[in-house]
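In the two complexes that follow, chain A is the common piece, with chain B as its partner first and chain C second.
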Partner chain A sequence: MAASATTHGGSGGQNYGRLFVILWIGISVVATPLTTIVLGRNIPPGNGSTEATSQVLDNQVLLAVSTPIAVFVLLFLGFALTVFRARGPELVDGPPVRGDSRIQILWLVVTTTTVLFLAAFGTFELFDAAGAGAGQGPSPAFLPDKHASALDVQVIAQQWEFTYRYPGSGGVETPHLVLPAHTLIRLHVTSLDVVHSFWAYELGVKADANPGTDNVVYVTTNGPRSFHIRCAELCGLWHGYMFDTGRVVPAAQFASWTTAQQATFKPVQQYLPPYATTYLPDPQRRAG
Partner chain B sequence: MGPKGMRVGGVVLGVALVTAVLVIYIASYLVGNTPAVRATTKPGSPRDVSLYIQTVAAVGPKLAPHPDWVSYLIRDHGRWVRSTVWTLPANATVHVTILNYDGASGLRNPFLGQPQGLVGPELVDGKEIKAFPPGQPSHTFAVPELGILVPVAPVADDAKNPCDVAPCTMAQAHRTITFTFKTGKKGHYRWQCFVPCAAGYIQGFGGPMQTIGYMDGFLNVV
Partner chain C sequence: MTDEFVPPRKRTGWRRLLGYNLLTALILAVVGYYVGWIAGHHVTGKSVAYFSDIDQNDISVFLAYILAVIGFLLGLGFGAYPFARVRGYPPSLREKESEGIGRYFSLCTDHKVVGIQYLFGIGVFFFIGGVNAMLIRFELLRPSMQAFPAGQYLTLVGLHGTMMMGIMSSAILGPFANYVVPLMIGARRMAFPRIESLTFWILMAAGTVLATTVFFGGFPTGWTGYQPLNDQANAGMDSYIVFFALVGISMTLLGLNMIATIVTMRAPGLTWSRLPIFCWGVLSTAILNLLAAPVLVAVLGMAMLDRTAQTSFFLPSAGGSPYLYENLFWVFGHPEVYILALPGMGIVLELLPVFARKPLWGYRLAVSGLLGVTLLSWLVWQHHLFVSGINSDLRPFYMLSTELISIPTGFTFLCGLMTLWRGQIRYTVPLLFCLAWFFNFLIGGLSGVFLSDVPSDTTTHGSFFSMAHFHYTIMGGLVFAFFAAIYFWVPKMFGLQLNERLGKIHFWTMFISFNSTFAPLFVIGFLDQPRRAVTYAPSLQFLNDWVSISAFVLGASMLVFVGNLVYSLLFVRLPAPANPWDSRSLEWQLPSPVPVHNFDRIPVIAGDPYDYGSAAPPVAVVPAGGVS
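Showing the complex of A and B:
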């Protein structure tokens, strides 16, 4: 296709290959910094955590790689619509397309290099960001520094609400998620019924909540803020209403909040099962 | 109009008809054909309203197309109707009475056994309840967005004169649950039961638990 563009394209048999390459490079040189730096700063999910900041960088790199590709495709489309279109009343076959080994090799080298670079970069980022905010199952492969001292918080999904348990605060369970600022958190995500997905948007956290499974996520919070929580797995009638707002608060405020929660939910504390990474609830007299 | 135009018109009409049927079917499934019921207002106090509710193990053939489904009913103009879409005024105090005629099912998450988000206590047969053991509640009335959770006390398994099919009467075995909450700002808030009480359905959360008009619905706060 590219061979025909460079050697046969256009009215009058002009060589548009050079013009195409010059335009492509010129537009890419201008567009890539614009999209990467200007647009890239506002790319989701923001900077609510170290992992979220890392995801913004990942998205910026993806933008930087994909912008020249998008420019190439759009420019070629523009050439096809304007320069290479058939004119005149007579419809005739175009010139035959012949292979060009140089272009084929160049195509293979460029695409292979691009894909391998992205694979290597993505793998490095998974290691570097300790899982990049994704659920890693019960035995995480990517561990952050000082992971042994991380604050454990459990996320319990059920149709159709998330509740949260703090094993370091007497196993108190709460209806809302509050986390201390600038702290490494180890989230244990599980479900009591069907498959849900815990998505803390601005923290860059997304992890499936499977019944009987402890899905571990590491996240390091940044400064105080609120963040959106949603279920990201279709889980029944009220899936769309399975949302909440979480908060990251200063460490001292977090301590007083957990103390207050312990007092508020003291009556039900006696009925909670001992803290465990998963629960297989019973009784379910009617449930199958 | 030529034959080509007729064909195109026929296809357009057919697609429109099929789309309309699908939309009506899905919409009627989601709302369960239940009309919204307005809360009873105290004379002279438009921001002080009451809801009078009944929970039953089987709704019966007179009130629903699924007679054996567990359901909520609401008192509207002196009669029990099957509706779970209730209209309430904003920034109002809502006094709720639930007559529960159903037995225990048990909570999957024991944490949901403690009343939350109420003005004052939850009373069961006039007595304050701080928290239920997880095996006890029949149902819950929960509005997650408003932070409201009310576990519903069960009728004993060996109670005399139980009610099998709705609507049930005061002479039949029941528990009376009363509580008060505030509505806050205008909005469209879903409510649901958290007890897996849908007998015969996977995880106890199918059928009436996922059909508006039975064990879940909306509070239209206007």
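Showing the complex of A and C:
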């Protein structure tokens, strides 16, 4: 209860404020290009598709905006730890400042501007990249330019594997995902049992597989490569083993591959239901 | 108040075991369990043999759990008061008068007893959830499956997540709001003292129910319980449903009680603009509790009907929709994460003025920040469903609303940091935890902006990145604030000091190992490791091992805390002064520990609790003349 009304550093407060702003701007000017360019260039998912590339750009912009914010708070904590540390055993009160409307309004304006910019930029990227690789449901809101001529490929998830159907190649169903390079592809993701999520990592594609739903994703592949496929939604016992590798191949190789698949799976083709956007799930099974 | 209500009869010797107490409650719980079990088998017909199957008869399991919980609550005496009122006795609060250690194991209507009950009760389940986390990280030491079969691993993941999200929802409202809010607002009790005790005992029953899932083979869905996997799962899923529904009931009642108390029981002179910021944090959390938790109870009720009465709300094979479950779950689930975050903000803003020796900077801005988060948290839930294919044209809206939440959150940052500015900061253990809160919540918040942005979320969604994000906000936010509150208020609750050196060791080991555990998970998530998978790419083994070992150190740092608690409270027992932190807040002007009825006379409040640096008398309270 030895509180006295001593205030501390009446004029020093101004100087600390100026020092803080100079340090903040200085460190941010150095740190932001470092995080954005050095770190940002290596941010996944890479350039397996135009959608993936747009995600990398998005991540870079977010990094660029986040860095000064992080510097601000960390620098503030640094000041608190060093400059404003109470010295001496006796209890001294700080200055009874209860607020400053100019700082509050400035803060409100700056944070609101930042947030609105980020939301606008994210929305632009969503339009520009035609959904940016995220599942858009049966009637996509964000369509790429030449969407009418896109190659349809269906992804069918079930416990605990993905299979793929190519309606353009007689509806052949195979356990391998092979896509032609430099092509706009429309993936139809659906499930036969529980909710899965189809994640083609290097292509920047993620879409939940819901039973009874046709979840459409547009993706434009770049050059030939292989990519990881994983299930990203907990789907039961062997969820951890639901992974695969897909390939992007040159267009000519893709044509010969589909022909070969049609020949290989011809014997089972007659037992499959005709190609559809969704399939009636089996009656509920109990799986352990 | 007249006390015509049948007083608890004084019993001696072994007769003390009769009557309303924990032993009776446990006996009635077991009786209720078997009554429900047998009744369930009668409902389903003789085709299922009694006691022989533990797998499939969901009706039986649900009835057993529900009747066990009802029996447990009746055995504790929650039926006595309504029954007495029905018989015409006037209201009374005689349960409050009980004495001795026994009141901590019974229905007690003293809010201080309930606060301490909550502290230790939640501590037990926090420990269980933490052990599950250690086992998960042990399994992930190697890329392939090693220690646990896949089903057990999923049960561990589900138990950890569900236990933490369910029980820790009340981690601050339970122990600290119950204990401190009446003291802060100059009240002698909570508005509904019996409901206050009920929320605690329901939560304890719920935690026990969830732990028993292992006897039914566990459950595979994680804490979200997505359909139709939920319906497909074995009877262990029933424990999850009963647990979360009970938690929802407990949270609703807790929120109701807090709102009623803060609105109606403030002492004269305690205007809204003098209300301590912690009470504002509690109030905004309580509003979310009251409005969000019933949605959870409803959606789990529907899931229960799907599993027992063959309704098909969520089953696409019979016309239902898994999207309905996802929507309803996240209508609860997103406010839920602010139920976890807001009390932490309240604690931090409450403690900073005490240790910076300055008034809270921008009080009104801080309050509007808390209320703004409360409001906006209702408008963001579909950001959990960005890739699900639901409402793809609404995603720009949810992206905007999610990013807007960073504005009111930013208010609390500004107010907290500006309170430190030019302060006379004393580096006590509670303050260290508050500063760490800023560091952790900064990282959690910034990573949240990545997840709120649809193109960026497409890669990070469902990966370890989002897992790292919410551990930074919940563990780094809530749990650090939880420990700040423990170190701050334990001297008031027990009248005993905690060892400061052990407290600092606890803080530094916890802070460093926490960041060492969760920061690499952002990288692991970016490198395509999905959540809840028992296997991962061998190339990620180094990072995963790093995380696991850090997690074990994090677990060990909790043992330092437990050691401190045992050492300081049981062995050293150094009495704490009434006001060790020289706080100007009302609760510190009372003796430690606080007398049963808190205030001899209801105080009249003459100022706000943050009047540091002014020449006014240190206590902004004058004893009332006429009010009693």
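By our rule, the second predicted complex is superposed on the first by the 262 of 288 C-alpha atoms of A that agree within 3 Å, B and C clash if a C-alpha of one lies under 4 Å from a C-alpha of the other, contacts with A are read in each partner's own complex, and residues count from 1 in each chain.
Definition applied: contacts are C-beta pairs under 8 Å (C-beta built on N, C-alpha and C of every residue); 3 or more make two chains touch, one makes a residue touch a chain.
What you see is a predicted model; the values in this text were computed from it and never measured.
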Of chain B and chain C, which one touches more residues of chain A?
C
After the superposition on A, what does A:132 contact: first (chain B), second (chain C), both or neither?
second
Have a look at where A:59 lands relative to chain B and chain C in the superposition and call it first, second, both or neither.
second
Regarding the shared-chain residue A:152, is it in contact with chain B (first), chain C (second), both, or neither?
neither
With the two complexes superposed on chain A, say which partner A:236 touches: chain B (first), chain C (second), both, or neither.
both
Kindly classify A:86 by the partners it touches after superposition: chain B alone (first), chain C alone (second), both, or neither?
second
Could you say whether A:210 touches chain B, chain C, both of them, or neither, answering first, second, both or neither?
second
Touched partner set for A:194, first chain B, second chain C, both or neither
both
Residues of chain A that lie at the interface with chain B and also at the interface with chain C
193-194, 236-238, 241, 281-288
Can you list the residues on chain A that touch chain C in the complex?
1-3, 5, 7-9, 12-13, 16, 43-45, 51, 54-55, 58-59, 62, 65-66, 69-70, 73-74, 76-77, 79-81, 84-86, 91-100, 103-104, 107-108, 111-112, 115-116, 118-119, 122-123, 125-126, 129, 131-142, 189, 193-195, 197, 199, 201, 204-208, 210-213, 215-216, 228, 230-241, 243, 280-288
Chain A-facing residues of chain C, complex
56, 145, 150-151, 153-154, 217, 220-222, 224, 226-229, 231-234, 315-317, 321-323, 356-365, 385-393, 395-396, 399-400, 403-404, 406-407, 410-411, 413-414, 417-418, 420-427, 435, 438-439, 442-443, 446, 449-450, 452-459, 461-463, 526-528, 530-535, 537, 579, 582, 611-615, 618
For the complex, give me every residue of chain A touching chain B.
156, 158-161, 163, 173, 175, 192-194, 236-238, 241, 244, 265, 267-268, 270-273, 281-288
Of all residues in chain B, those that touch chain A in their complex:
104-106, 108-114, 116, 130-135, 142, 144-145, 147, 149, 190, 192, 194, 196-205, 209-212, 216
